[in-house]
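Each of the two complexes below includes chain A, the first together with chain B, the second together with chain C.
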Partner chain A sequence: MADNRDTHRTQDLTRRAFLGGTAAAAATAILAACGSSSTATSTPAPTKAPAAAASPAVGAASPAAVATTAPTTAAAATTGTSPTTAPATTGSTSAAPTAAAAAGTPKKGGVLKMGLQGDPVALDPHSTSLTATNHIVEHIYGRLVTIDATLSPQPDLAQSWDISSDGLVYTFKLRQGVKFHKGQPFVAGDVKYSYERVLDPKTKSTSTAGLSSIDKIETPDDSTVKITLKKPNAAFLVGLWSPNYAIVKKEDVDKNGDLTKTANGTGPFMFKDYTPNTKLTLVKNPNYWDTGKPYLDGIEMTPVPDDTARSTAIRTGTVDFVEYAPAKDIPQLKADKTLTIAGDQNTNIRYLGFNLTQKDKPWANPKVRQAISLAMDRQAIVDAAFYGLAIPTLTVFPPGYWATLDTKVPPQDIKGAKAMLADAGFGSGFKTAIKTWSSYPFLSNAALAVQDQLKQIGITADVLPEDNGTFIADNNAKNYEMLVSGTSGYTDPNDIMLSNFGTGLASNNSGYSNPNFDKLVSDGVAVSKQDDRKKVYAQLQQILLADNPWVMLYVGSQYEAMKSYVKGYVHNATGTNIGLKETWLDK
Partner chain B sequence: MGRYITRRLALLVPVLIGVSIVTFLLVHLLPGDALELLIGVDQRMTVEQRAELRHSYGLDAPLPVQYLKWADHVVHGDLGKSLRSGRAITDELRLRAPVTFELTLLAAIFGSIPAMLFGIIAAVRRNSWMDYLATLTTLVGVSMPNFWLATLLVLIFSLKLHWLPPIQYVPFTEDAGSNLKHMILPAIALGAPLATVIMRQTRSAVLEMLGQDHVRVARAKGLREAIVLNRHVLRNALIPIITVLGIQIARLLGGVFIIEQIFALPGIGRLTLDAIQNRDYAIVQGTVLVIAVISVLISLTVDILYAIIDPRIRVS
Partner chain C sequence: MQGEGAVALPLQAVPEPRRRRAWSALRRQKLAMAGVVIVGFFLVLAVIGPKVSPYDPLKQTIRERFARPSHAHWLGQDEFGRDILSRLLHGAWISFEVGVISVALAGLFGVVLGLVAGYWGGWLDTSLTLVMDVLNVFPSLLLAISLVAVLGNSLRNVFIAIAVTSIPAFMRIVRGSVLSVRQTPYIEAATSVGVPTGRILAWHVFPNVTPPLIVHSSLTFAYAVLAEASLAYLGLGNRPPAPSWGSMLNSSYGFLETAPWVSIFPGVAIAITVLGFNLLGDGIRDALDPRLR
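And then the complex of A and B:
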């Protein structure tokens, strides 16, 4: 029975995710950028990366540079990890084998058998933003840009770009000679068509947000796309990475009505066939623009939603690779000599949220929320909810990410919390209820730990686990008092700040509203230099720390497990499996 | 007979209307809807954008309107599209039905043939150790819910003994051997409750027949025991057994929902459960409708079988 729930699990939680792209895993990547200077200098790529959003024409790297980017940065990223995260945890150990795996001369050929966490469900990249769908279409369709390990934009179908000094006009020079899997040439009109299809209400896309700042798209010639924004948006470019902004061919849509049964992209792998809940097969695109890649002849994907079954499948060798290797089995999998584990912290924040629209409740008082934050023993929560593999946090961004405010998670302070609570007039505590997701043990177990810790300061909370549909409905209708929930991946800090705390947005579940905060959020995308943006996000995080619409609990982790003959795969903090393009089999 | 069948088939219409209305109301009673589940909790959207999306899915229409629209399509042979995958539900069913059909058939075979054999033995050798063993097994079987039995089977045969792989379904047409290997445990788990019922039914029916006058006469004539059993006891005992079998096979279809989930089989049951969790209304409506049709047809088949086996039953 456990497995059916698993099927829906991460899929549902993360779907919103990929919206603007994912920054989630930023972790590893980012660490490289801010890691020790010695690593940074060792390769030119990472040094350049952080500047990306800032300076015009950044992406204009030569094809050679592009080709080397991934492996090099990856190695740098992983080495960079150790010094930075050493106190934090996991990173270093899991990173090492990945870096090692990236070494060696890739061998061509072979089919990778892969265990998926969820059934892909749907194949139209524009209308669905479910993680399980993204994890398929990301291999089939090319996008204008891709991301590297530091979550900076890198050339993909766009070979270079230029951003006007007012930040409004993006001119993309497209890669020449790229062909769709069915042989048609890739031209500027395809980009215009694809983006307009996402924005067309008939497509029923749930991920229009990343493109909604577009004013107009022009195609002066077949190899140039000029996109004009309504107002400057520093988060725009990297967001184009999302599989939901895949470049498709108009005639496929015209012929089939939608893209649920066909998949014709420019990506490294071509769609072969799909039997729901049974198997999906991808084969190598022999004409992929990045000559020589992919190394694999194909990928055979099988949904194995049950956590234990997925662990068993990789350990018994039924498959060569599994995504979402379950946290509960990580120690066991790491001990297995036949396996390599990739992965690290991701950018998913788990939090205790408050319904701030209930003005007459104790938690409407910021002091009460502050007291609750003081009462949290975050390490105990991580131990209970994530087998100790996650990272306690005070702020909404993960450690190592460029926008993250430097904070230190304080130890639990019951005395201080009680005093603060008494000061707010609730010295004798109060009763409340915490709603959470029954299908995600890493949240429902966290809720139980929170319940226990609240009890220590006199707050009695009932924990109410709910099925996905019920939880989402309650969350959206603000039909709750407190909740333990989580966010999912993003590539740009704006995604998380605006979606979750912007006044009046449907996705702002706490009902938080702060005009000063809103203004800073707009500032965050109006300036383009990363250093300037960093200052804005630091202020935003300070405000959140003072206001506590959410009390942050921990940053999640995500792992892939593979047989040790699977080489070259590089984990990405957003949770994407785009590393499979570089993967090869040493057998 | 022809008229009888026609009338029974005509009765399908009100049954299906009733079933579809009840299903429709039940799925809409569940909190949350398909769209909210698609969007999730932190996809950035304004309230207006959500409303627009809801409108484009037709989810903002009043329930009676939504129902009638659906019914109109169904009458024209179109079960609609999944809100989540965008695939036609008829395609979806075509893919899933063989799995459920195979599972049900295997479970029916596992659940009836050995059970009848044991039932006969238990009756003929009543009060022997074999009878007691059969009765005891039945008792245990009846008290054990099949989802529990299923979990136990996975635990023992897949995870502990590694006899059968925990994943993954392979279509029969692709690799029959591997397919059957994956089907054994689910079929046993699904068929077990049926087996216990059939065994008890067979035992008591055979026992009853053994005490009948015509059996005594047959024996008095000097017929061999095998012939007495075969011709005079079993043939007559079969009628109540078939009745039970008919009802129970329809019930097997209910068990499919849980068993397919536990064994990760891509059948109609799993499709429906997934759809309920995702509030994919059109799929739930479609699968429940199809299952209702099948159940009605099974019970009709059973009624027709009666007439064939027992000429005394005259249907008016």
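And then the complex of A and C:
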């Protein structure tokens, strides 16, 4: 009997040990599984105002210059874990779109499997400016102009344009014979309707800024659109490339109420179907005006919001192409011989912002903000948030950009910061809270580094990471003390200056107001020569450096990773994937 | 052996105290003893860990990020260059805190509700059981997530969420034991001589439910540690940079390939602690179960 009992116990213990072990293993597995769902987000980057614009004169705007600075700076800055941005990539980004395409004769056919960073959720190009949505609709809808790799405007639905000598009247000659995917002809009235829909308050567009200078739109005939501006705006033309100024057909809106679930455009790809959080399919538009393009038969897009999962997906070949290849994995992805990586520094600015409407708080004092700026170790922030692959910055524009004020990012100056803080009357520090995006490690990690650096000058800050919806609501309602956030996707300096710092604008999240600044902003678009504009933007940046409504932290980078048989893709510094139109599969 | 037992019977008229008997039964189980050792180690770490941790768990040294385990940093450094060992030691206290507070909360409410429902029965029992059944319908982690989402993101609300999701099990265990004890003659006797109900519950009923309660508390402790880690992993509860094991795992699993030590150590800590409490709970159950003795 004793034997019996022992046997029983042994079995029991074995079962138990097994259960225990399984539980422990399952614990980790469950945690991992939960993680991916928690990071499911829809906006890849906190996009604010969409692209506004660069003047034709800006044509030579300079990702070339932007790009060349990148490797050097990165090299100087890197701390071992992160190799420098490969010059090869840089070359293909900036100078050699044709070289990339000429790497072989494009083959037609094949479906590209693409991993998206975010689920688009809604498809109406006018009512949403989420990057995740833009990255879908940019393939479906044509716009009057598009941009090339140097961010200069190129003909799209407008075959040519003429700008009056006073800079007020833009006359667009439209491409003939273009048809919407459902067969309707594209006419001038569609442009007028689309722009007026964006500006109609009922559409609740968050992207009105780029069209707000329009006084009237006339359509003398079906192939001509004449747009008159209220005052000259050098940033107007290139801004029309934005997916948020997509040309849509009125009857689609009338029929469906809005365009959230349907899409009928003139772009290279046609919308086929969409299962939320699962799959979105685009198929080739056989009647695309640019004959012969696109090369692909279609694109199958799957949202893979988790960074690690996205890296794994491209490495294992579950997909052929991923957007937002995570910075943390760039070294491994570059080392992988089966992959090609495109991209480098982009125009995304990451900053520490202050709520300046709270007049009684320490940060209402410019000296406090200056002290905080001095206390920042920006390279450490870049290392923590972007694995060394981004560029520390003092100003809102990336180094090398034509409008960028030449500044040198100083090393962290704790002593100077403390002295300045004491001078402002806060020598013993104060308490505050920093809100940030929980879904973007490149922001929440930056916030944690900022928190640590503020502690060094006696400022105790709580970091409050929030989900996208909460953060956007708090940001818009100015329900915060400080925040670590970002802005992206602009093509003209005016966009950043006006929408983020213009007095009284809803998009001005800090509540900054400086009449002198406002006047200079309008000067910046009133002149059209780039040299003249550059002087204005230099002054504007000096004002921001003195006032610090935002303490700038770094300029981000953005990468796409693809299997090496994916050819012809050209990275664009604004982060758009319009290069897929030229992409083909060599297999 | 049976013969011996029959002979020895008169000698055992005064039984060995139950507690000591349980302990010796427990000591005979190797795995349960492993549980005791693990739990003991965990408790010691949780209490003295924060005092002996070599570095400030929040101190960033970004220049030394992802440093491998070394003499200066035994378990290496994480993505902010923080010392992983120090973070683990402080994290042990957080896990301990969560375990103790949520088990105490759940136990308190579960026991009171169970006693009330089991002793009085009737509509009170029916409605309380119904409420607990409704709570039980939801997977407990899911319910905890929803509760934290509704109540707001703080450690206090994590305690509450974990406690609430653990109450039904406590309540059922106590209620079951009370139902069987209530029928016994000595309760009847106590009632008939006019002992106040409160005293009957506290002195005569409650002691009968302690063995299953101890077992269940140990298992719930394991659940609480795991639930806190899961919630922190999901970004709920402890906010970064607090060194909760779950949030350490959350922020580091992306580097499993490049810097495995950053995620492996917190993962192992969670797994071992949870395993320890489970083994201990199982062992106590067997030790207290007369059928297995």
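Going forward, the second predicted complex is superposed on the first by the 478 of 587 C-alpha atoms of A that agree within 3 Å, B and C clash if a C-alpha of one lies under 4 Å from a C-alpha of the other, contacts with A are read in each partner's own complex, and residues count from 1 in each chain.
Here is the rule we go by: a residue touches a chain if its C-beta (ideal position, glycine included) is under 8 Å from a C-beta of that chain, and two chains touch if they have at least 3 such contacts.
Just so it is clear, the model here is predicted, and its values are computed rather than measured.
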Which of chain B and chain C A:420 touches, first, second, both or neither: neither
Which of chain B and chain C A:585 touches, first, second, both or neither: neither
Which superposed partner A:499 touches (first chain B, second chain C, both, neither): first
Partner chain in contact with A:450 - chain B first, chain C second, else both or neither: neither
Partner chain in contact with A:383 - chain B first, chain C second, else both or neither: second
A:476 touches, of chain B and chain C: first, second, both or neither? first
If touched residues of chain A are counted for chain B and for chain C, the larger one: B
Touching both chain C and chain B, counted on chain A across the two superposed complexes: 1, 12-13, 16-17, 19-20, 308
Residue ranges of chain C in contact with chain A within the complex: 1, 29-31, 58-60, 62-63, 65-66, 79-80, 141, 226, 229-230, 233-235, 239-241, 246, 249-251, 253-258, 267, 270-272, 274-275, 278-279, 282, 286, 292
Parts of chain A lying in touch with chain C, wherever the complex brings them together: 1-2, 9, 12-13, 16-17, 19-21, 23-25, 27-28, 30-32, 34-35, 38, 79, 81, 307-308, 326, 328-329, 331-332, 377, 380, 383-384, 438, 441, 444-445, 448-449, 451-452, 462-465
Complex contact set, residues of chain B against chain A: 30-33, 36-47, 49-50, 52-53, 56-57, 84-87, 92, 95-96, 147, 151, 159, 162, 165-169, 171, 258, 261-262, 264, 266, 270-271, 273-274, 277-279
Residue ranges of chain A in contact with chain B within the complex: 1, 3-4, 7-8, 12-17, 19-20, 115, 121-122, 124, 127-130, 201-202, 204, 206-209, 258, 260-261, 275-278, 302, 304-306, 308-309, 312-313, 316, 318, 467-476, 485, 487-488, 495-496, 498-500, 502, 504-507, 509
